[in-house]
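Scroll down for the structure; my scribbles are underneath it.
Just so it is clear, A, B, C and D label the chains in written order, and each chain counts residues from 1 on its own.
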Amino acid sequence: MPERLNQIKETTVIQLKDVKLKNPVIVEGLPGVGHVGKLVAEHMVEELGAEKIIEVYSPHFPPQVLVADDGTVKLVRNEVYADKKHNLLLLIGDYQSVTNEGHYELAEVYLNIAEKYGVKRIYTLGGYGIGQLVDTPRVLGAANTLELVDEMKKYGVLFQENEPGGGIIGASGLLLGLGKLRGIEAVCIMGETSGYLVDPSSAQAVLKVLSKILTIDIDMGALESRAKDMEKIVAKLREMEKAQLKPISTEEDLRYIG
Amino acid sequence: MPERLNQIKETTVIQLKDVKLKNPVIVEGLPGVGHVGKLVAEHMVEELGAEKIIEVYSPHFPPQVLVADDGTVKLVRNEVYADKKHNLLLLIGDYQSVTNEGHYELAEVYLNIAEKYGVKRIYTLGGYGIGQLVDTPRVLGAANTLELVDEMKKYGVLFQENEPGGGIIGASGLLLGLGKLRGIEAVCIMGETSGYLVDPSSAQAVLKVLSKILTIDIDMGALESRAKDMEKIVAKLREMEKAQLKPISTEEDLRYIG
Amino acid sequence: MPERLNQIKETTVIQLKDVKLKNPVIVEGLPGVGHVGKLVAEHMVEELGAEKIIEVYSPHFPPQVLVADDGTVKLVRNEVYADKKHNLLLLIGDYQSVTNEGHYELAEVYLNIAEKYGVKRIYTLGGYGIGQLVDTPRVLGAANTLELVDEMKKYGVLFQENEPGGGIIGASGLLLGLGKLRGIEAVCIMGETSGYLVDPSSAQAVLKVLSKILTIDIDMGALESRAKDMEKIVAKLREMEKAQLKPISTEEDLRYIG
Amino acid sequence: MPERLNQIKETTVIQLKDVKLKNPVIVEGLPGVGHVGKLVAEHMVEELGAEKIIEVYSPHFPPQVLVADDGTVKLVRNEVYADKKHNLLLLIGDYQSVTNEGHYELAEVYLNIAEKYGVKRIYTLGGYGIGQLVDTPRVLGAANTLELVDEMKKYGVLFQENEPGGGIIGASGLLLGLGKLRGIEAVCIMGETSGYLVDPSSAQAVLKVLSKILTIDIDMGALESRAKDMEKIVAKLREMEKAQLKPISTEEDLRYIG
């Protein structure tokens, strides 16, 4: 079976199932600052009962399997879920590329999927790290057309000069930049976050705005309860800081609780 | 001889010898945490008198030769040994890939070899580093089918929630993940270990379980004596720690005693 | 549209507009030490009213978009501007390659553009970092022919033994080295600078020499006023240093004010 | 001229001149530990009046030009010189590969050159770093056949168990390892050195042995005088150490005096 040799030597798209969608939009929530986008998109997959239609494997992902609670493994991958009712495609995953070129390769693969389904608009989700704990996270945006900037402002998305100062890195940025070259509208919606912790509270803020934009009603109970759990952990961290214990290793752990 | 130009610009499999095996299994023991898998697999090669049938060279290995005691050199490589009596293929080597893509490329090469020999099951061996010295190492597992999880439990392999938390990195993980995509059953058997030292005691624990699974009787004398030597070194290290000497450089050396 | 798949998997040149130029020269001012070259070239684009004719995208650039003040994004890229009046091509950009091979690939792409337009000479601009604040920056040079060294000396460009000691890294160096292999004359003109700060004062020194060489009169008002602003910041930094505050993070910020 | 596009996107061999040699040997002296090999090979090029016949460029070298005292630049490269009188090919250069795969690619390129000239034996030169200053450097060896080990012993080359412990990294190692796969005899001759400084004294020790092996009489005056200069610098460093000044930055500088 020569065609199977070197199977995952290149980025590989495995179509598990085909679906018909009318003018769908993509919501991207891959891991990033505060795992804000990941929390939102995975929450949506669950609440909307979306079904997995695509798996993406790549030698640009870490050479790693993850172990589930039942002892079985899963190769690191990205996944696309479809919500037929709302004509949504949701892009989630364990990791982003670990190589520079891989980021470009994978973003182009996602845009190919977008074109295949006739996607006209992409929402990328992320966190905007400000280096300190945030009480009421703002929701900021950046878009690849001026019309989209204006449209998003109506939903309360903030567009501020010099924010985000360092640009947007990874899939959330590239889907806008590379999408523009293909004529696909795309906007990045970012929740303000410290950047140190998984942040379900920032995710809630992003989801509120996104559900208004998409006119989809999504139950936020699960995110709210995670946000409350995290608040307790943050309170504990603040106590620890006061007691002059260094919380770095704890933060490290928390990063992966999300 | 144009076909020899740029010989090792890509991963290259050199078949030294061909053997006939009946439904063989592969045991992988490449370098990793505590060199647990390497110790087990190299011990098996020696005790079972397995013969080398394949050498794998790759530009993804370090650009390095190793010098033997007689002054001759060996290019860094991985090797496959065959034990015809027990229908075993043993995969050992000096290093794993040093590039991200190389890990995927090499794992696919090993799976190609597996398919060529009609291998239906792969055992990957490794250490599970817990960051502190272990008195009685547990043997943990992860598999690429639920049936295999259940089968392994019968032999005393432990499958624990959240262990290993960070997943399994390198060949021991990829052979499970990529193997699943090819329909090849694979299980990773990990010996608990500190992660700081070459650990023949953890290797012994893994080998006990593995020899039961494979129903092969393997003399453990050599591993036992290495474990005793290491116990002495560990005892010495503990004394040094008490005496407030920093043991880091010593550990570094020990890592390569294995 | 199969030709659009994987669009930016390789370095991609997008020709926005074609222009006719007579024996043009290229001035390269990509980011580098003190952003000296970038300041000069961007100043020239603005003052000469040059128009953008080419965009270069590459997977060797950071996987990132930059956000403009109006909320729209721009994929990281390099750009070529044309000044028809003076037969100039100006090469500017946000970043240089982040991979080793990418530096070579991009430099060859720029040389292909040079050959397409019949360019016979390239001026690369840069900073020469000396590790301490500079009051009156010297302008140093290096060229890919001895004739060009002699010609440049007439304009006050200094050629000193052992300067720059570490060679010239990135596009400013490669365009000379790779240009030589193609028979294209090229000279690098470097303004002395600390290497810690964006340095419009060093840029002014370089521009003075360059405008003499090109016999183009360029208003320096904007650069002068930036240089004065930076002088105030430097004065403040020096005070801070005296007051024993560590100025490192401030420098970091300043680097991106430019 | 399409064949010139992307000229140095791959490793490129430029043949400047062709020479006829009878059963030549290659002496490799690229940069490495203590620049021992580089010092020896460059000394031989000069003393024997060898002429440059090949230049090798590669995107795996640093993206850099070096500036000569006359102000002209040279793209980072490796070079092959021929000494027709002694049927020698000498491989020298500014840098080795900076990528992992590049090391393999370049070594194969050198072996292709070796095969083209009918080379039957390669001498690679290097330093063996022991982490402390050496008074009388020993000369150690490693070879790719046992016969060559025995032959070299006759010339006083030492072959010691566990030396060098970490193997041989870079071209000096790969030419042995990859050479073996092509059936080309190769031996690495290493001068003991601290590893912190350019070491002309160690180079002298290596050259003495090598000139006996090759039965070539080479004037050592220049190396001797450099060794004496370095002894003075080392004496100064030792004084500084006593005076408790940290000599690290000085060492850094010295590394590039060589």
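Keep in mind that, in the parts below, a residue touches a chain if its C-beta (ideal position, glycine included) is under 8 Å from a C-beta of that chain, and two chains touch if they have at least 3 such contacts.
Remember, predicted model here, so these are calculated numbers, not experimental data.
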For chain A versus chain C, which are copies of one sequence, does the interface use mostly the same residue numbers on each side, meaning over half shared, or is it different? different
Of all chains, the one whose CA centroid lies most distant from that of chain A is D
When centres are defined as mean Cα positions, the distance from chain A to chain D in whole Å is 50
Approximate Å spacing (C-alpha centroids) for the pair chain C, chain D: 36
Touching two or more other chains, which residues of chain A qualify? none
Complete list of chain pairs which touch one another: A-B, A-C, B-D, C-D
Residue numbers on chain D that touch chain B, as the complex places them: 97, 100-101, 103-105, 107-108, 112, 115, 141-146, 149, 159, 161-165, 167-170, 173-174, 176-178, 180-182, 188
Residue positions on chain B within touch of chain D in the complex are 1, 4-9, 57, 59-60, 62-67, 69-76, 98-99, 256
